[in-house]
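Next, two complexes with chain A in common: one pairs it with chain B, the other with chain C.
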Partner chain A sequence: MNDHSRALTRAAPILLIIGLAIAWQAPDVGWLRLSDAESKRAELMTSALDALPDQPRVLIGYDPDLGTYAEIRQTARALLADLLARDGRLAFVSLTAEGRALASAELARLGRGEANPTRLLDVGFIPGAEAGLVGLTRDIRAGQLDDGAFTREVELEGIGAFDAIVVIGGNDLGPRSWVEQVMPRIGDVPLLSVTPIVLLPEVEPYLAGEQLAAGLTTPRDGAAYRESLELGNLSRLVESTEPRPLPLLLGMLVAVAVLGQALGARMLEHLRSAGSRSIG
Partner chain B sequence: MRRPTLTALVVIIGLLLLADTLVVNAALSQLAGVAVDAAILVAAGAALAGVAALGVRRVQDLWRQRGDPIGAVFVIAGMAAMLAAGLRPGSAGTTDPAVQWLVAALLVPIGATLFGLLFVTTLGAARRALATRTREGILLVAGALVTTVLLLPLSGSAGAGLADAATWSLAFPIGAVFRGLLIGIALLSAVYAARVLLGIRAADE
Partner chain C sequence: MSDFFGTTTADTIATWIAAIVTLIVLGALIGERRVFGWSQHLLAGLATGFLALIALTEVIGPRLVQPLAADPTGRPELWAGVALVATAAGAPWLPRQLSMIPASIAIGALAAFALGGAVIGTLLPQIDASIVRQGGSLGTTVAGASAAVVTALVLIGFLHGRPRGRLVTTAAATGRWLLIGGLGGWLGFLIVSRLILLVDRIAFLLGDWLGLGR
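== the complex of A and B ==
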């Protein structure tokens, strides 16, 4: 590697950041959209929510990963707002420490947004990973923070009090763990999920097998779902700005260019060496 | 070395939990509940012990002037800040505004930034994988390249075509390989666990 290419390699991350910043400020272009008007996953999520009874009681398993939370945060917030718009009552539980931290922050944000506090319940953090999930199916203790009607119902009926379970996933204790540990122990309660794209290969078979009633698994699904919402007064609970597709596209094109160049050079070298061997 | 008491305990608890899943019986359910609660308590204790061990290790690093002193200072300061915010007199614990500020203003952005840095490091790793001149490296990078192209956020017929191709690749090649891997890992784990429980060792162990 000569001095010129070495300097270029060192400057590449800075140049990338500058490029992303410019793309972030550039105006939107029509041919570049995250949302897909015919997203089946978004339609499936809306259908699953439509099928819930009036004022549904929903258990929210809030365990995103800190790294990928930025990818699903807007969709997760939109889903929470959608459930509240349907007069849903939401109980938050976390099985990971970072999930608990994010759930606490989310509950505080909903409080600042003046969401009805009688519709929110903080079940808290349950340690023990899979054992904690099994424990959750046996009984739920939530009375230490709240003594409202929703709390009493949940303490009395346990996990049977809920009409649906929503898993906001991102780490090991995601939809797969809920399907494996919780679903066999409870009745026909629909399990819905919002997960980052990195979990897509893991979640896909459960969606195909209908063990997950619905799932928003890609930025495209999330954007289509958010676009379909009519939250009215509760639109204050969702983020006002959508992710910009242009910086996303630029980053992906850079990745394609870097990988393609390296792969192409290697393949060319391979072909050349194969050619010289056959001549020899 | 065989530990028959531990082995028997694990087998009994495993069978108890299995029976509780299959049979509706109040007494059995209570027993299984005790076992599950015990597992939760042990896990909670182990998590606390892990955090304490990390703190002690970093303090020792600083005291003995070994390892990464700046990293150790950051870890200790971070732990101290979170503990002070969550455990100080009058604090509301994880719902305390100070804890929530630390999470929302520091922890989440730092976590997302570290994940974002993976973009650069993963591309570097992909190039290094190709430099090893192995067939696996080429296959890995080619797969990553195709997947990235399929996920490009284009609209219109081009975007729809890419989305359909991505769905197909997930449902068939990627799905089949991933499920196969998971099933293989599950089988291997079960066999290995059974061997450990029964005290069976390979000839060279």
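== the complex of A and C ==
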């Protein structure tokens, strides 16, 4: 590697960040949209939520991964706002430490957004991974943010108190663990999920097999779902800015170019060595 | 905008700290490794501290100490839990046969739940869902059959160390290539996720920290 290419390699990450920053600031491009107007996953999620009873009681398994939370954060917040707009009562539980940290941050954010505190219940952190999930189906002890009524219902009825379960996933204890440990132990409670695209291969069979009633699994599904919402006064609970597709497109093009360059260089090297062998 | 921080002085300080640490991490891209190393230590320390805090305030306190204090004789299983925790904590000074008991119970219980759940919750329902049924559309039938074939080939790909025939060897090689293809697709998804994270951090620096709107 000569000095010129070494300097280019060193400068490339900074150039990429500068390029992404410029693309983030650039005006919207009309033809470039993140949302898919005909997202069946988004429609399925809306249908599943529509099928819930009035004032649904929903258990939120909040266990995203810090590394992928940026991808699902806006959709997760939109889903929480949607549930609150449907007069839902939400109980948050986490089975991982990072999930607990993010759930605490989101509960604090909902508090700042003046969400009705009587509709929020902090069940907290449940230790024991899969064993903790199984324990959750037998006994739930709660309550910090609720005025008492919701807490009493949950403590009295346990997991049977809930009309639906929403899993905000991203790490090992995501929708798969809920399907495996919780669903066989409870009745026909719909299980919904919001997961980053990296979990798509894991979640897809559960959606196809209808073990998950609905799931938002890609950024496009999430954007389509957010676009379909009419939250009225509660729109203050969703993020004010949507993710921008232009920097994502630019980043993907750069990634494809880097991969293509690496593949092309190997092929060229292979052809050269084959050519020199045939000459020799 | 991440909206994690509000408008109080403490939130402003938190935003500045987050921005500075983000810049330090991005600085590693241009070779500034020493401060980046410190930021890794900071992350590890914060994570450990947070974990300890959760363990004390949400597990040991409310689920162990408080029930025992309220009814010392009514919950014998909690005393067994105390004994196991004490054994685990004293592992460096105890005989190996004794110190391995809590770890064995923990690993055994986790494996039992994970394996049992995988069979009851995933394997059987997924086999049931992928069985080719009469009356389904052609696409569903083809997809189900393809999934079954790919699953079988990848499972055969994990066979090793036994004498094989030509057919099994070919199937195993095909299964390994399918596995590599699947991993390639998964890495593609990972690139999308990480790219979104990078763009989100840039948006945080420009929007939340510098206040540059769009």
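Here is the rule we use: the second predicted complex is superposed on the first by the 265 of 280 C-alpha atoms of A that agree within 3 Å, B and C clash if a C-alpha of one lies under 4 Å from a C-alpha of the other, contacts with A are read in each partner's own complex, and residues count from 1 in each chain.
By definition in this document, a contact is a pair of C-beta atoms (placed from the backbone, for glycine too) under 8 Å apart; a residue touches a chain by one contact, two chains touch by 3 or more.
Bear in mind that the values here come from a model prediction, so they are computed numbers and not experimental data.
Peer 1: So in the superposed three-chain picture, is A:122 touching just chain B, just chain C, both, or none of them (first/second/both/neither)?
Peer 2: first
Peer 1: For A:68 in the superposed arrangement: first (chain B), second (chain C), both or neither?
Peer 2: both
Peer 1: Once the structures are superposed on A, label A:134 by its partner contacts, choosing first (chain B), second (chain C), both or neither.
Peer 2: In the superposed model, A:134 contacts both chain B and chain C.
Peer 1: In the overlay, answer first, second, both or neither for which of chain B and chain C A:255 touches.
Peer 2: Both chain B and chain C are touched by A:255.
Peer 1: Applying the document's definition of touch, where does A:8 land relative to chain B and chain C: first, second, both, or neither?
Peer 2: neither
Peer 1: Using the touch definition from the top, say if A:244 reaches chain B (first), chain C (second), both or neither.
Peer 2: In the superposition, A:244 touches chain C alone.
Peer 1: Pick one for A:274: touches chain B only (first), chain C only (second), both, or neither.
Peer 2: After superposing on A, A:274 lies clear of both chain B and chain C.
Peer 1: Using the superposition on chain A described above, determine whether A:107 touches chain B (first), chain C (second), both, or neither.
Peer 2: In the superposition, A:107 contacts chain B only.
Peer 1: Under the contact rule defined above, give the chain A residues that sit at the interface with chain B and also at the interface with chain C.
Peer 2: Chain A residues touching both partners: 13, 67-68, 70, 97, 100-101, 105, 124-125, 127, 129, 131, 134, 184, 197, 200-201, 205, 208, 219, 248, 251-252, 255.
Peer 1: Going by the contact rule set out above, which residues of chain B touch chain A in the complex?
Peer 2: Within the complex, chain B contacts chain A at residues 17, 21, 29, 33, 36-37, 39-44, 47, 94-95, 97, 99-100, 103-104, 107-108, 111-112, 114-115, 118-120, 123, 126-127, 130, 133, 138, 141-142, 144-145, 148-149, 151-156, 159-160, 163, 170-171, 174-175, 178-179, 182.
Peer 1: Under the stated contact criterion, what part of chain C meets chain A in this complex?
Peer 2: 1-4, 6, 26, 29-31, 47, 50-51, 54-55, 58-59, 62-63, 109-110, 113-114, 117-118, 120-122, 125-126, 128-130, 182, 185-186, 189-203, 205-207, 212, 214
Peer 1: With touch defined as at the start, can you tell me which chain A residues reach chain B in the complex?
Peer 2: 13, 16, 30-34, 36, 38, 65-70, 97-98, 100-102, 104-105, 107-108, 122, 124-129, 131-132, 134-135, 138, 145, 184-185, 197, 200-202, 204-205, 208, 218-220, 245, 248-249, 251-253, 255-256, 258-260, 262-263, 266-267
Peer 1: Using the touch definition up top, name the residues of chain A that touch chain C in the complex.
Peer 2: 10, 13-14, 17, 20-21, 24-25, 67-68, 70-71, 73, 77, 97, 100-101, 105, 109, 112, 124-125, 127, 129-131, 133-134, 141, 176-177, 179-181, 183-184, 196-198, 200-201, 205, 208-211, 219, 239-241, 243-244, 247-248, 251-252, 255
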